[in-house]
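Two complexes are shown next, each including subunit A; its partner changes from subunit B in the first to subunit C in the second.
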Partner chain A sequence: MATTQSAPTLTFPRPIFAALSPSPFLQAHLAPKNPIRANARAPTEFRKPGLNTGSLTHCNGSAVVRLGNTTVVCGVRAEVLRAEDVPQPIDPKADEEDDVEEIDTLRLLVPNVELSTGSTPTFLPGQAPSTFAQSLITRIRSLLLSTRLVRAKDLRIMYTPPRTTEDEDEEVQPEVKAYWTLYIDTMFISLDGDAFDAAWGAILAALRNTMLPASDWDQDLEMVLCDDDVKKARKLELRGLPVAATFAVFQGEEDEEGEDRSWVLSDPDAFEEGVCRESVTIVVDGKKGSGKIRRIEKSGGTVVGREVMKGLIRRSEERWEEWNAVLKG
Partner chain B sequence: MAPSATLSHLHRPDGSATYTHNGYCIIGAVNGPIEVLRRDELAEEATVEVNVRMAVGVGSPKERHLETVLTNTLRGIILTRRMPRCLVQITLQVHSSAEEHTSLGSKFNSNLLLLPHLLHTSLLSLLSASIPLSTTLTSSLVATTPTSPGPVISPTAQSFLRHPPTALHVFTFSGDRKLLLSESEGTFDHEQWDEACEAAEEVCCKVSGGVEIGEGMEVEGVDENLEEWLRRVVREKVEGEQRWKGAS
Partner chain C sequence: MPLDTSTYSLALLRLDGRRWNELRRLHAQISTQAAADGSSYLEMGNTKVLCTVSGPHEGKAGGAGGGPRSTQAKIEVEISFAGFSGVERKKRQAKDKRTSEMSHTLTQSLAALLLTHLYPHSTITIHLSILSQDGSLLAACINAATLALIDAGIPMTDYLCACTTAAPPTSAETEAGGDPLLDLNGQEEQELPFLTVATVGKGHAVSVLIMESRVRMEKVEGMLAVGVEGCKRVREILDKVVKEHGKRFA
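Take a look at the complex of A and B:
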């Protein structure tokens, strides 16, 4: 009989509570005095990056980066672009620091991101790149260019023609015969939030790991010849070490006093990204005090103002030290 | 120089606006609330879809990124919960853009130069379509240059050639002076960012000496901030539509 049964108490196991009402679930975790997120991290705690370089044999440089359950593989392949195939040649500028135009117009850096690998249920394998993937590629490409990470000098293959006259004083100008084009392919093996940080960390590690073979222009064969010898291969000289840190802002329900409660969560996972509307990405280069900011991206809400941003920049600088230790260690 | 705008000039869409500023001209059209594709339907709120079309060429990942940023920002100010299972479709066609920035394009992502104009156009179109909004927004481009002591507000493409900036910022403020969007790139530190933010806040929504905004004080020129400009544009449109009342 229905009347004799007591009303069932409304208790759910954790996963069902999270799936049914994700926002109150996260707020229930964050509301106490010492907030602990659903993934057992403190709000300001990042996931420790795990790094493995040089694992792919057919790449010039490669890296596997793990941030919790987000795993990214990045491989850098170098291919030769002959200068004569360039429709509008660009003369290298006198100022070696001003070489972005050369890299940009010749498309010497080609980043690509592959999310449709079964990394997450939202992106089915075999589908066209989603809006999210396209947006990610744009951000990575524009960050690669605006931080001027790779030097055009490293990518040029020069040739000094032999002297044609006996004149000792005649200056022989070396000329650019070809370029190395770096194809930076990033594959997500699994995605659990914070795709940008993981992808950027992997790209950074892979570029630091990249070795370009010693190459020379052969005048008789009219082609670029590369040396097999690993000892003669050289590394890329990168400019600085820009590190990205992403934050998500969680806006909970109003509390008893009618005040909006909000938390800024470092390094959000997929569940938190699903609940949070506002996100901030800060790219810093250098540790606290001497560090420069290379990029700030913030959209989606009004919680992070000038005061909060100050704290986030400090948190990003702390994150830089973590990545610095991992990348250089 | 204040931007110029025309509202509700297209007849087919629910709302439209053309916006011209600093050599950029953008046409915006808004349809909504309309029926949404099953795939995009949200049970509790409206879906916001932004389409950006460039003046030349086909769409590229760059436009997808701009669309993502615009969607994130506009979703926050449209009262989407009032229109569940609906679609608000915003189409922005760049009619002409200051082509001079191609020289700067490689150094800075030219998306930043376009972003404030796209935001203004979409807001005006939304207003013209009478989509319920929680607040308005105003946006400004700020450049940090090594040659000038302070930040430069909404620099033109020509001024980039004379004074190449070290950093570019876009700030967007809501009607209640809260920071809605901030995109910066280049090399800068926190003080410079803070200065730029303050300068942008001033040009977007500075409180002008106790005079109630929209009280018929027609302030033309440099003193007018972007919020007042926005109110003036909408007021002029409404006055135009109310002409039949006064004419009798």
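Take a look at the complex of A and C:
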């Protein structure tokens, strides 16, 4: 319990106080000189991510991420899309860095998030995906494309036709015969706030864990043949390591001087998300000083301005170092 | 065919190196989710199932109108398959007939097992998430549901434990008829006729028996006997898991 100078003894227990008046409950925790949240974290403290990769048998890559009581499972399945089944084939661009259009148009990355698994009482199983789930999927998809995380060349299955002419100088151009489509399925086992960070972290870890089998186009059989030798399988060559950090802004009651009191809480849990009206999500790639901002999303409220945003970006860079340590080993 | 391999006829070892009466690695954890009333995670080989129980709580359709059910708790079972669970990525609809059949079987068997008369006008919701399928799916769901219900503290008479058995192979070599196989994986389930059996308690009380393939009458008794023995062993393992969990509070 936070000890304030003139706190009267409560006649009912903490959880009831939290349920009856959540805002004053949280404010009572944050008001003193050393603010502490109801979950005993400092306002700038994130939950340490727990990670386990490669546990699912039928997947090309998988990861289980725990952020406190939020648990997410992500599985990546690769399936073949034949180039002749594509209505409007796309020429692979000469510039390898500019391959987003190929992935976007052919829908080679298909993220999906399943929230209605009984993960929390608000998301009961058997329901249609809620707007929250749908918006989560859209945000993840747009982040996957805008960070250009997956290279199109990793997803192409090429075929070099044999020489038809005797001309030694003529180059034989390899053709794209098929693509790998990655179905990225994320399932929430339990949700205690900060769904986006957990889902993105799991997807990132699963993609880093993904192995695609060595595959060739067989001209006689007219199909893609895959080699089941594990040594020949290759990992995806991802671009960078974008890490997401979400913040919630808690706006308390005015204090004695009539000034607004507000705190920005890192990595909110379900209780804090319930009382906060403003949230910011920042995606950065790189450590302090040399990081690049990949995305800033802000919704609701007027508390976070430029100065506060700078502080949040610094916090996100620190978070990048935490995730980097967890993902790399 | 899983049993046509030379290793089986020579050394009587199945594709994964087991003998006819060996269970796969059964790993179970109880109370895996703090937020749910009861939860469990169970692995039978590569079949991985997660179960959460919430309840008993007030039913959705208000208690006033209840018919014969209102003197007992109502059990609801929901099963959801993760997209990455099977060999092919097939998004199973919630109203899929096979899924409905599985959940109906679970509802019936659990309604008979749990002491539902202690919770009139309420509903117990059991949700199963299938993370990976590799045979014995219904059996794994039954075992996971049992553990999660124990974690939720809902009273029951005894453990409901399940496993699968397949018909013994008959070929020229095995004149005696061969032994029924215990605990099938995905490949064996597709090729051989099999049944799922669940028993209550240590004895021979069979609560669930499902068989969907054709088999000769003479073999059924043998399969059932092996299945019941297998369920006894599953019961020992599940009991150990529950007792280990209880030791934390000792």
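Descriptive notes on the structure:
Note that the second predicted complex is superposed on the first by the 319 of 329 C-alpha atoms of A that agree within 3 Å, B and C clash if a C-alpha of one lies under 4 Å from a C-alpha of the other, contacts with A are read in each partner's own complex, and residues count from 1 in each chain.
Keep this in mind: a residue touches a chain if its C-beta (ideal position, glycine included) is under 8 Å from a C-beta of that chain, and two chains touch if they have at least 3 such contacts.
Here the structure is a predicted model, which means the values were calculated and not measured.
On the shared subunit subunit A, the superposed partners subunit B and subunit C are arranged side by side without overlap. Contacts of A:L56 after superposition on the shared chain: subunit C is touched, whereas subunit B is not. Contact with neither subunit B nor subunit C is seen for A:R41 once the two complexes are overlaid on the shared chain.
In the superposition on chain A, contact is made by A:T131 with subunit B only, not with subunit C. In the superposed model, A:R139 lies in contact with subunit B only, and not with subunit C. Of the two partner chains placed by superposition, A:H29 touches none, neither subunit B nor subunit C.
Of the two partner chains, subunit C is the only one that A:N112 touches; subunit B does not reach it. Taking Cα centres throughout, subunit A sits at the apex of an angle toward subunit B and subunit C that amounts to 130 degrees, reported as a multiple of 10. In the composite built from the two structures, the nearest CA pair linking subunit B and subunit C is 14 Å apart. Of all residues in subunit A, those touching subunit C in their complex are 56-59, 62, 69, 71, 73, 75-77, 79, 112, 114, 116-121, 124-126, 183, 185, 187, 189-192.
Of all residues in subunit C, only 33-36, 46, 48, 50, 52, 54, 78, 80, 82-87, 89, 94, 125, 127, 129, 131-134 touch subunit A in the complex they form.
Residues 100-101, 103-105, 129, 131-132, 134-135, 137-139, 142-143, 145-146, 277-278, 291-302, 304-306, 309-310, 313 of subunit A touch subunit B in their complex.
Of all residues in subunit B, only 61-62, 64-65, 67-69, 72-73, 75-76, 105-109, 111, 169, 174, 178-190, 193-194, 197-198 touch subunit A in the complex they form.
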